[in-house]
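Two complexes are shown next, each including chain A; its partner changes from chain B in the first to chain C in the second.
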Partner chain A sequence: MSKATIKVVETFMPPSSPRVEALPWLLRGGAHAMPDGAPNWARALRQTAAESFAANGLPQPGQEGWQFTSLRHLEPQHYTQPDAVLTGNVPAPLLADSYRVVIVDGVWQSHLSLLPTGLKIAPILQATDIVPHAEEYLLGLGDMAVNPFKALNAAHLRDGFVLALDRGQTLDKPLEVLLWTRDGVAAYPRILYWLGENAEATVLERCAGEGRYFINAQTDIVLQQSARFTYHRLCEEAEKASHISQTTIHCMKDAHFDAYNGAFAGALMRQGYEFKLLEKGVYSSLTGIYLKDGQQIQDFTVLAGHYDESGVSAQHFKGVVDDQARAVFQGKIHVHRPAQKTDGYQSHHALLLSDKAEANAKPELEIYADDVKCSHGATAGQLDVNALFYLRARGIPEHEARALLIRSFMADGIDKIIHPDIRNLFFDRLDAWLANRGKAAA
Partner chain B sequence: MSATIETIATVEALEGKYEAGFITDIESDMAPKGLSEDIIRFISEKKGEPQWMLDSRLKAYRHWLTMPEPTWAKVDFPPIDYQDAYYYAAPKNVKKLQSLDEVDPKLLETYKKLGIPLREQEILAGVAVDAVFDSVSVVTTFREKLHEAGVIFCSISEAIQLYPDLIKKYMGSVVPYTDNKHACLNAACFTDGTFVYIPEGVRCPMELSTYFRINEAKTGQFERTVIVAEKGSYVSYLEGCTAPKRDENQLHAAVVELVAMDDAEIKYSTVQNWYPGDENGVGGIYNFVTKRGICKGKRSKISWTQVETGSAITWKYPSCVLLGDDSVGEFYSVALTNNYQQADTGTKMIHIGKNTRSRIISKGISAGKSDNTYRGLVRIAAKAEGARNYTQCDSLLIGDKCGAHTVPYIENRNPTAMLEHEATTSKISDDALFYCRQRGIPEEEALTLIVNGFCREVLQHLPMEFAVEAQKLVAISLEGSVG
Partner chain C sequence: MLKIENLHATVADREVLKGVNLEIPAGQVHAIMGPNGSGKSTLSYVLAGRDDYEITQGKITFMGEDITEMEPEDRAALGLFLAFQYPIEIPGVTTTTFLKTAINAIRKKRGEAEIDPAAFLKLQKEKMTQLNMSPEMVKRGVNVGFSGGEKKRNEVLQLAMLQPKMAVLDETDSGLDIDALKIVADGVNALRGAERSFLVITHYQRLLDYIKPDVVHVLANGRITATGGPELALELEKNGYAAYYDEKAA
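Showing the complex of A and B:
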């Protein structure tokens, strides 16, 4: 990465951003150009998305919503979109007893899937075959100008999968989805989970890969009345990887949604969640856990939109930032006028371990209904010196004492995970990180 | 008589009319409409300013032309036609006055309606008032007493003439003309304001206070206030504003700069009840104010207290730059909006020095169809070891057609810093209302009681006289928001 390149990136450019032209790989080989027999809705989407992205470019430095997150890491790379053919191996599943879906470089590998018979699953371009009006959700990306990465993903819409559970259907085992990305690749997977009335499922999505790559994932989750969905995302991207993802959750009456997002490693990680509590009585929660060091950037941007009465949205974030890493939390609870009796909560607690670490938070409330309870809390600070002293006084070496305190700080978040095997996976990542830190200290 | 009962009596006496809604007819000396380099030269000449001041105004004006309008606030209004306003209006009576008797009786009448007992103040309240009627200071009292203490308390125009070195040193040092478009406009065409200088080790013998009035139709008022507190000094400054009723929007872009040296303390209190527009959102003041203080010295302290009930649009972020080690910044705010009012207000606490502390208490109340936003920034610079911040912002919604928003930015670059932020939004508790109603308190009174309780934490930081006025204001502003 030459210094000159960085300089160019940081100068302010007008909206007709030449930065896009400076990054030809972003649109080169875009799916919109490919005659692959995609349905009309997909073609149209690619077209409008590509136009939107070309017009707006990447978010400018300092642009609201992106002011804390530098995209510098993306700049000098020339990523490609390889063919769908898989060569080489992918890692073994983490859960012993689970169903399995594998996506490599953004492309669904149906031959590696392990699924119960009769489960409705299809490539994303054939979503309308198994989910009526699926295109409604796939097209409804909102304002793509605000988040150009949505546009970028849509412009490259090619593969991914749609999973649909019928009314009352329950997945008896967790589904483990592996999103594996290889060196030098730009992957644009698109995923849709559609749960019918009273359907129930538990999913573990694991994002990983090798080398230096860029994954830009768009996930939509649709929960019909009283559906229950427990969603875990374990992001353990390669050290030099960039991960930018958007997840939109559409919740109907009395739906219940729990999400647990672990973010480990990865050079640049921006994870966007948008909750749409469209009908009455929806419960939604999101727990975010992150461990960052080196020069990593972690960005959680969450919007909880309450559109109807008696919805609950709770967001808890806990993270540790070391070295020169930077953590960003931008959360917003938006209570629309009809959404009376809303209960909204946000919290972000960051632990800073080094002089150069940075934590930025912007917990925002936008409220138009009067009978609501909304609150947020944010803290940032270092390890409690008194607690550290207590442990040291009892003969525990400093790095061990620190590890103990960090573990207990993080355990508070990880303990919320109900599925025991998945909870252990998160703890394993935490312990490995702490052990690594201890080694470096010694 | 308890404050609440008194409040209710006041409300009843007013019968829903804006107390300060009248226009005094006094001949004015006006510049033509619009803004240009010539108008700025006119203002500068009228004030008999030296060349360097004119140059600095013109520099600001030229920069202003190139600046974009700030659009990030959550307020909505049609674009301002800067050429459709007057930038200079002065009461005819500008000759030096020996006593209050020489003041135009009409002016005195105006003050009387506003409840400023100017005559009595000399004896009773012990408050020196530099009353600004439109743009030129007309009456200044207690000058001698302050002079004895070595305190400089005069209009900014006088200060430019008498203390050019101090003005050159401090004006624009906290809010440079390049800061934002509104502050830049002020730097170009400010017509008056106040200058306060407290010398080393002096505790200002009285609370200083300036009442502002916007009177001439369509006159933007551009006040410039500079307060400098030297080592170990203390000053408390009160600012209260009322404006006559009017149908067209008026622009107000004031700039306030505070500088506190080692061990100095500045307490700045504001009660703002400018005309908020009528029940349909017609008219009202645009209040675009840039207020900033810098704690330059060690152990210095700046405390902002504000009660914002007026103005159609409030755009105001009194801030503290905590540069000196162990310096303290405080911000206490009540913002109340009703009808179609919009308020986007908050603070910035920039921690640079070691062991700096800041405290933010913000109470937002929205009623009617109004929108009320708290927007704040707490930034801990990498070198601000041991910095500490506590933020609490609570919002109260009255009715289901208003909005309450909270937009805090928290940026931490130092691991030893401790940051806490809490925010809540809720409506008035039915239980509390029921409790009051059950004891025979009418609904509107009960509401006022509860809201005043909600704001108590902030109101108690106001000087006594202001606290009473602020409670009345809360009651008046809430009128018609129930039932």
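Showing the complex of A and C:
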């Protein structure tokens, strides 16, 4: 055992009855006891979070919300690399004309940023300097027991960034955020996007890396009145990577939020979204797109919470599952009593390409208001044999015909992306995946 | 060009074709007429190679090759084309992409170079004008949101673009009003030639007023029960199919 580890053990007081299997996640590199000059709220949060995680551990098999997604391959001994100083290069930006933020192993690399002058951005521990009451969002961890990954992330709260746009401020170009994680690392980025009244921004987050790593990203997005935020996530993790993320969107009156989440590769991806439509007239949408093969697991767990009138939440998921891969969609629309005139919709459509591929969909409605429009739909099916024959009868070989039909199935999801360059990036990923599949078939 | 010998085929374990014999020389237009359920569409699918139709006996020869067990895409590359009775909608794939993919797949199989993109677009535009199709149609998903008539026109567009040696038209007239029928028939007639044959499958004589066949066959109860000239179609229109059921012919 290294000295550093002993030091952490001395400072961290586990609860009286911890889960032993939880401790390795905390005893190495845990930030809860780091002497890093963190503000009091952060220190307190780390301590509370570490205690919560130690008491609960990772979600247990069969635990509510985790019935379909196994975490048995997520083991702390794989993530032993220290948070190393950045050496070597990180991938170049995907967008030709964009602002840039780079996070490596969960740590914000401010020297690699490309940002407009005057933009308010800071390390997460200084969040309160630029966002009033930022700690409200960062401490918003009431459900740490339900989602232990929130606790695990908070126990390691040290880095990430906070970006704040003032009232009426518009980011004139997309912001491209790279979350790059390296072999053997457990990364715990914490991100807060805060948009003031009428502010507007477009973000592309790209999650990628190399080797076997674990990224546990917790993100909050706060939209003040009439703010508009377009959030794209291109998650193309390494083959052996595990990606667990939770994004909470806090929407005030008339805010407008659109998200597009692409999930490609990665051994395990659990992507949680919680929408909080806190005031009247909020519009929110989420389009999820995924391509999974091998033994990959993709899990989308979405909660749309309507707390006030005339809110819209629309979520569309489309994915392709091949080989023995598994897809999970758990979606819930929760309409609280004051949220009259709510319009909520969730759909999940999976295309299964092999007999062993699996899709589990669990849409739920919980409605306490009486004047609402809510619906959901889920399908899982195979390629249409009639369409396949039609293409083949025109001379298109079977594997190519299948690729065309898969593309056709996915295209209407990707076509929802308005930004042309970002839409093309998603199509590129789809085409690369199809080409790869074609090579395997040939 | 096409020779069908003693063809038996089953669909979901039910025998639908019960010994079809048919030969179509190059340059001829043959029509197959028959009542509902006689096996007309089954014959067209079996010719195109649909794999949920099982050939239990017999042989199909096309361009001198035995295609009985051949994959659909290989038959297409040999020059066989089926115009579908119910063309399929394929959202997200434009007709242009679909056609270019098909043309290049066939060229590749024949060892030819890919079509020049500009030449392709020019040809497509030309054919569309002939078929009175709006240029927008090929920019949309294949057959998505098309009316019945537009779908049939799109089939003829594909036929015109792919230039097969033999085209099987499966009830191309169904769902067409008289104007659309003329346009479709003109499109087909423009492709007639000494090296190209057609098998026109239809329920009604009407289509044959516009696409004049050389030979007319009656398919009833899974067999060809009568063969004659264009006058046979007129007689069928007048007297119905009752006289041509298998029992009488056999």
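We adopt the following convention: the second predicted complex is superposed on the first by the 411 of 442 C-alpha atoms of A that agree within 3 Å, B and C clash if a C-alpha of one lies under 4 Å from a C-alpha of the other, contacts with A are read in each partner's own complex, and residues count from 1 in each chain.
Methods note: a residue touches a chain if its C-beta (ideal position, glycine included) is under 8 Å from a C-beta of that chain, and two chains touch if they have at least 3 such contacts.
Quick caveat: nothing in here was measured; it's all calculated off a predicted structure.
J.: Taking chain A as the common reference for superposition, should the pair chain B and chain C be classed as clashing or as fitting?
T.: Aligned through their shared chain, the two binders fit side by side on chain A.
J.: Looking at A:S110, would you say it contacts chain B, chain C, both, or neither? Reply first, second, both or neither.
T.: neither
J.: Quick one: classify A:T170 as touching chain B (first), chain C (second), both or neither.
T.: Neither partner.
J.: After superposition on the shared chain, which partner residues are touched by A:T80: those of chain B (first), chain C (second), both, or neither?
T.: After superposition on chain A, A:T80 lies in contact with neither partner.
J.: With the two structures laid over each other on chain A, which partner does A:S375 touch: chain B (first), chain C (second), both, or neither?
T.: After superposition on chain A, A:S375 lies in contact with chain B alone.
J.: Mind working out whether A:Q63 is in touch with chain B, chain C, both or neither, as first, second, both or neither?
T.: neither
J.: Going by the contact rule stated at the top, is it chain B or chain C that touches a larger number of residues on chain A?
T.: B
J.: Does chain B (first) or chain C (second) touch A:L405, or do both, or does neither?
T.: Only chain C is touched by A:L405; chain B is not.
J.: Now for A:P397: first (chain B), second (chain C), both, or neither, which partner does it touch?
T.: Only chain C; A:P397 stays clear of chain B.
J.: Rounded to a whole Å, what is the shortest Cα gap between chain B and chain C in the overlaid structures?
T.: Across the overlay, chain B reaches chain C at a minimum of 14 Å between C-alpha atoms.
J.: Which residues, counting only chain A, touch chain B once they are in their complex?
T.: 64, 68, 337, 340, 350, 352-382
J.: Please give the residue numbers of chain B that touch chain A in the complex, ascending.
T.: Within the complex, chain B contacts chain A at residues 72, 382, 395, 397-427.
J.: Can you list the chain A residues touching chain C in their complex?
T.: Touch residues, chain A against chain C: 384-387, 389-398, 400-401, 404-405, 407-412, 415.
J.: For chain C, which residues are in contact with chain A within the complex?
T.: 48-52, 71-73, 75-77, 81-82, 84, 87-93, 97-98, 101-103, 105-106, 109, 141, 158, 162
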